[in-house]
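The structure appears below as structure tokens.
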Amino acid sequence: MKVEKTVEKIEKMEIRGASDIARATAEALKQKSKKLEANSVEDAISELGDSADRLLKSRPTAVSLPNAIRKVFNGLKETGSVEEFRELAIQNSDEFIEKSKVAKQKIGEIGSKRIKDGDKVLTHCNSEAALSIFKSAKDEGKEFEVFSTEARPRYQGRITAQDLVNEGISVTQIVDSAARFFMNEMDLVVVGADAIGANGAVANKIGTSQIALVAKEARVDFYVAAETYKFSPSTVLGELIEIEERDEEEVWENKPDDVEIRNPAFDFTPPRYVDNICTEIGLISPHMAYHVLKEEFGLGLQDVL
Amino acid sequence: MKVEKTVEKIEKMEIRGASDIARATAEALKQKSKKLEANSVEDAISELGDSADRLLKSRPTAVSLPNAIRKVFNGLKETGSVEEFRELAIQNSDEFIEKSKVAKQKIGEIGSKRIKDGDKVLTHCNSEAALSIFKSAKDEGKEFEVFSTEARPRYQGRITAQDLVNEGISVTQIVDSAARFFMNEMDLVVVGADAIGANGAVANKIGTSQIALVAKEARVDFYVAAETYKFSPSTVLGELIEIEERDEEEVWENKPDDVEIRNPAFDFTPPRYVDNICTEIGLISPHMAYHVLKEEFGLGLQDVL
Amino acid sequence: MKVEKTVEKIEKMEIRGASDIARATAEALKQKSKKLEANSVEDAISELGDSADRLLKSRPTAVSLPNAIRKVFNGLKETGSVEEFRELAIQNSDEFIEKSKVAKQKIGEIGSKRIKDGDKVLTHCNSEAALSIFKSAKDEGKEFEVFSTEARPRYQGRITAQDLVNEGISVTQIVDSAARFFMNEMDLVVVGADAIGANGAVANKIGTSQIALVAKEARVDFYVAAETYKFSPSTVLGELIEIEERDEEEVWENKPDDVEIRNPAFDFTPPRYVDNICTEIGLISPHMAYHVLKEEFGLGLQDVL
Amino acid sequence: MKVEKTVEKIEKMEIRGASDIARATAEALKQKSKKLEANSVEDAISELGDSADRLLKSRPTAVSLPNAIRKVFNGLKETGSVEEFRELAIQNSDEFIEKSKVAKQKIGEIGSKRIKDGDKVLTHCNSEAALSIFKSAKDEGKEFEVFSTEARPRYQGRITAQDLVNEGISVTQIVDSAARFFMNEMDLVVVGADAIGANGAVANKIGTSQIALVAKEARVDFYVAAETYKFSPSTVLGELIEIEERDEEEVWENKPDDVEIRNPAFDFTPPRYVDNICTEIGLISPHMAYHVLKEEFGLGLQDVL
Amino acid sequence: MKVEKTVEKIEKMEIRGASDIARATAEALKQKSKKLEANSVEDAISELGDSADRLLKSRPTAVSLPNAIRKVFNGLKETGSVEEFRELAIQNSDEFIEKSKVAKQKIGEIGSKRIKDGDKVLTHCNSEAALSIFKSAKDEGKEFEVFSTEARPRYQGRITAQDLVNEGISVTQIVDSAARFFMNEMDLVVVGADAIGANGAVANKIGTSQIALVAKEARVDFYVAAETYKFSPSTVLGELIEIEERDEEEVWENKPDDVEIRNPAFDFTPPRYVDNICTEIGLISPHMAYHVLKEEFGLGLQDVL
Amino acid sequence: MKVEKTVEKIEKMEIRGASDIARATAEALKQKSKKLEANSVEDAISELGDSADRLLKSRPTAVSLPNAIRKVFNGLKETGSVEEFRELAIQNSDEFIEKSKVAKQKIGEIGSKRIKDGDKVLTHCNSEAALSIFKSAKDEGKEFEVFSTEARPRYQGRITAQDLVNEGISVTQIVDSAARFFMNEMDLVVVGADAIGANGAVANKIGTSQIALVAKEARVDFYVAAETYKFSPSTVLGELIEIEERDEEEVWENKPDDVEIRNPAFDFTPPRYVDNICTEIGLISPHMAYHVLKEEFGLGLQDVL
């Protein structure tokens, strides 16, 4: 798909979800690379950079999008010719797409080893990476039970419950407020992430951080399942992960006139409440986030664009 | 209203709410006292005791009901004649009803002194005692803002929001999961109570305890507003305050077949997370619960029935 | 038994255990009261006071002993004649002995309500009051499991294990160091007490306080089972509960010469780690200790002797 | 001294310090009582009440002043004649004055039992009650060392250091910021109090609460030494203890024009950081504050004036 | 020694202890390398891999064993001939053996710098790395005292006490339960490790984690002394460090029939309770474990076998 | 400037401050390099090493000084000729000087992104790196307010207040003891660092660690602003960062004879209280300190000298 088309689809949210956006971005840059008109590496950088720039603006808050761009641009400046540039760009794109496809599966394999027969595991909202862990554990024949919060205001927890039931996994739905009531029965909490900052703070669906606190109070391990492209390089340079405030109708349709609504979509879980981040490159301490960012992406988008 | 009628209305939940149940109970015992057929104090105890027994069974989990009975029976055994018995029973009933009527107002007056101009105060669910504090503060001309959670599954927080708007108090509605997101902005949390145990643990709407924990994490004072008849004498003798599990339809109408629902109505907030209980007899530490129970009710229903 | 004989038996530890010492003390004072030679109340106070003094010195660290004396002396000063003095002293003694006999049973009845079917309960060392709770729960037909630490150096936990097995209660023995390993599985911790201070601190077998800390870390309720005569009135006046250092042979027989041994018998659990003290007068917050002391014993032995 | 004179001296701060204000107040009411012109108890109440009112306004934030008034008025309403009224008022005044004189000494005797040979004890600011503990311990022949903060901005810690040196007690002066640096070496912290609220919160010299937090972090016991007339009855009814903001010159003489200064004199230490309050009626948990208030003062000034 | 012989001795526990197992493994692979029959690098990998496989199975839970194999196999795949393969395998083996020999000494030199004259240091169980620190400190002329727990059920703490006495170091033996009693006197805790996980969790002798918690409660630094080959690469991929449950006779010989025994050998100390891990490559935060694993061993054994 | 002159000026504190010392050291080594008399690389190492040695001794506790030396010596051993050696030494010196100059500016740019309009930010003492953040935020047009402690005993907080006022930034000065009083109003704390240890512990002006604790208690983010040359490589090898005890006159001029003064200049803030370290290479978790040390300086000075 061409860059313009991809931009359009991301903007219209026809392409959505961190993984799909990332792969579409890499694919669009690959297509662009095939048709570069530049005569020098310098021009090629500039030409492909323009495309990257347009893609970046299609969804400024998605952390996986600039990460895909970083991966595609890796080493392009050091190429000796436009041809070499093109080949490397295509190769980088293909590799990123391939790796992102297997990442979820690897997270499942790694994380599922921490689920034991008889366990009760709490999850919040709807995370593909977290579900991958539950599915792997089920595939390995483990008997366990998932407690799933409803995740107001959009009830994504119901999607999770439905997904788990479809996989034949026992699931109990509770309201978000009941997390502490049941926490002492839990053996583990597993949630996903929208973005992970340079100091290991985890941005995820509103309510995640209070579940993490409640887990810590009861000495229950709290795991975050996330592909490495959820780590946000720009936070190293101080950028804040932006917290989207969503439509008040999600919270209360036909609310009384004078009632104000606040509807933040995410909150931040501090690293001290996170026992492990389960990524495709293994289990890591959240305090290793800077290291992951440096190894995986280098540390500045400004060098690219 | 007669005992039978009162029992019926409580059972059908036509009479509901801790205060209304308590007053109806005292009123029914008063009416019964007027028409006692007993010829001795001993018989009078037995006759009025039968009525108390029927009332008790109408709502076994309401803590205010046995407390009203205790208040009415106070000193009856020591009376010297049926006439004296009747007079004291009527007097006790009247006093209890009168005191319960002013209790909410007094709580408002006491608690409102802790609200300052410019404060942001978080509340959870719908508590008359907590609302009384907000109304008193408003009446005293204070400018402040209330953040009100929605209190899934039954959205009683919307009633709170409507009540506050009706009083001209600024109110912001948030989902239950957003408590931690906003906590650092709050100056105070005020919630009500369904029952308070002998060691100061507070039974209240599901979600209260995790808000208390979140408040403590951010060093925000957590107040419970409660009439003294919310303190549960039977917990002194080890009885547990029962946690009602409510209908799963409240959580998810038309849920998928294999999804289980757990819907506990209350949770317990440990006393170490409660900075003050605001009662009609003043602000007290939750650790004083045993003292309150002893002073207000004596310590055993068994002596009565 | 006469005072001299009682003193001797306490000193030789033929009479031991807080309850037995307390009852023997009351009994001795009762016998003495029967044979008072005094001609005035003043002389009677002095005569019985001498006996009390000898008893006190027989075991200076036993908190139940002075408490028994306080109970026997209650109101004696206000009596109008030696005869009245004698009668009250005998009555006080009988009442104390009777009450102390039923105290353990009442603690069992009250505390057992907090054990539910399927619970796992941890205990440490060998406490009659704690055992009474387990036995009551068993008698009520509850199915539960007790984890019992061994309680080095004297292995009193083995006595507990044997007692529980005799009662038909499931018991698992673990080393003291394994408390944290198993804590997340526990539903409750119940221990006894040697003495309770004015601010609610609990003196009990060495190791108790770290189990309390471990329980708090995992949000597991920590209960202390103790008769009210374990509360120490002298701590109100600042006296420290003395920590006995016992024989080093208990820790290591035939130890190498240059190795030093420290063998303190008790430690203190701060009140903030104790969720409930289960006494014969009900469940109370440890922070109510001063109140209990005042109600039960008044607040100074100096007024007596 | 007459009421008018006393009012004047308190206003001019010629009479200052919680104890001196309290005793002067009682003395003034005693003198007034001797010269009452009233012909009925009702009028006497009103006449003495006027004096009490004027005294109250002389220093609205001193908690010991209304407490002295409460003690003097105790039972006056129930007297049967002006003569009886006068006698009781005089007796109440004398008793209060006498008790307040011995209170400090008793606090010293009780608290000093918690200081052991070789101890290091930290104190903050300049508290007579805390000093009384150190002096008693010294008198008992104990060898210990006091670390004294300087207590900016007014350096009252230097007065403490001088007082201790005068008593022959070893003292080390440190800056306020060094409390955490030395805390692990300390065995105990002892501070005074300006006022104690209904829930046990302690108002004392700015900086006290962070020392309490630092003590808790290092598991060092934190004691407050305070006469019972430091407990504030009005806080039961919700009144806040007012925090005086003092002159900015205290903090920075000749500060640059655009620099703002904030100079609060007190802060609040939450009861969960206080292990014991050492009063003349014994060591108590801060959570017993409501109980102390009720026993010592009853619970409302409005009944008096 | 040949592979077969080494396997046998490890299985019979004639070779035991993390260090000895690791070195024997490297030595066996070195001997095997000398006698490889392979004609290609591919075959050599396979042949030496078979030996590694047999060694791995001799003690599946020892983390140092696969780490030794990883070190020996480092770079073998990239060799160009069997001869080169052989040389590198031998060189790798020799280097690993040499490094492991000096590791303990280096840990001693580094860790001893954190012991000051007059310190009291707590240790638990019997760790060679921890002892190396104490010995270095002694060699440097420092005067300090070690408190050593007994480490039930096998009393390895007695070996520690004997070792320390032999070195002329002051040692005090306490029961495991007394750790909290003495913690406020301690300046440091130093323990060893059986294995360290990818997120920094430390597996060590049962009881270690509650001592760590007790140290944190009293703000006492908690150090783990461990060679880098104690870090477990397989935990990066989610594998759990297995907790051996040992013979019940260790806990209670001739126990009553119906008493069950649980005897786990290790527990896990979460990284948030560990202030430093003292390794031969320096002091590191436990949160750096992933980094250490990556630098020292790469991250997957599957690439080797 | 020549080595001798530089040594002299550092000793006389004419050159002071971590940055100025570091740059003067690099400059001196550069000048020395230009005039090396050595005929071999080996001799050059020795000759330049002598200079480095003299510089090191001029201020043994300044962590930036050995870090500058490390940077200058980077790769010198691997040079092939004296000429190459000289060129690299000069180049290394120039690079270090240049980088150190921009580091403060970069820290400002990165950190200022974490300050939002309307924020209140607390700082302690006088840190150039922290001030750089405030200045950047001001330059970006943000409206915020700084609370500045006075930093007894030397009142460096007054310098901070004056600096901020000069920049047109709102500033409020408070005593050190008032940090907890105002903490709940703060949005962020930013302080500097004198040195950062291998496990992330931060040595900074006395009082920093209790402000960090107070910030954590109120869930306020605590940032440290520090150039990477503040990280101390020698702590990896166990060396302790030395805490200077300064003149007692700073605390109390003309103190009474028998009062002792303790005046430590720094304290340590444990990494668990630090949310972010803001360096010129980005925001990092304090737990990454070992990683930073390894990347920036390698891990041992002994290889150099």
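Chains here go by letter, A, B, C, D, E and F, matching the order in which they are written, and residues are numbered from 1 within each.
Please note the rule applied: a contact is a pair of C-beta atoms (placed from the backbone, for glycine too) under 8 Å apart; a residue touches a chain by one contact, two chains touch by 3 or more.
Computed from a predicted model, the values in this text were never measured in an experiment.
A count of C-beta contacts for the chain pairs B-F and A-E puts A-E on top.
Of all residue numbers used where chain D meets chain F, over half belong to both copies. The two sides are thus made of the same residues. Chain geometry summary: the mean Cα position of chain E and that of chain F are 36 Å apart. Chain C and chain F have centres, each the mean of its CA atoms, that are 57 Å apart.
Distance from the chain A centre to the chain B centre is 44 Å, each centre being the mean of its Cα atoms.
Shown for chain F are the residues that touch two or more other chains, namely 217, 272, 285, 287-288, 291. Pairs of chains meeting the touch criterion are A-B, A-C, A-E, A-F, B-C, B-D, B-F, C-D, C-E, D-E, D-F, E-F.
Against chain B, in their complex, chain A makes its touches with residues 147, 149-153, 158, 161-162, 165, 170-182, 205-207, 209-210, 213-214, 217, 251-252, 255-264, 267. Here chain F touches chain E in the complex through residues 198-200, 235-240, 270-272, 285-291, 299, going by the rule given at the top.
Those residues of chain E that touch chain F in the shared complex are 109-114, 272, 275-276, 278, 281-285, 287-288, 291. Interface of chain D with chain E (complex): residues 183-184, 217-220.
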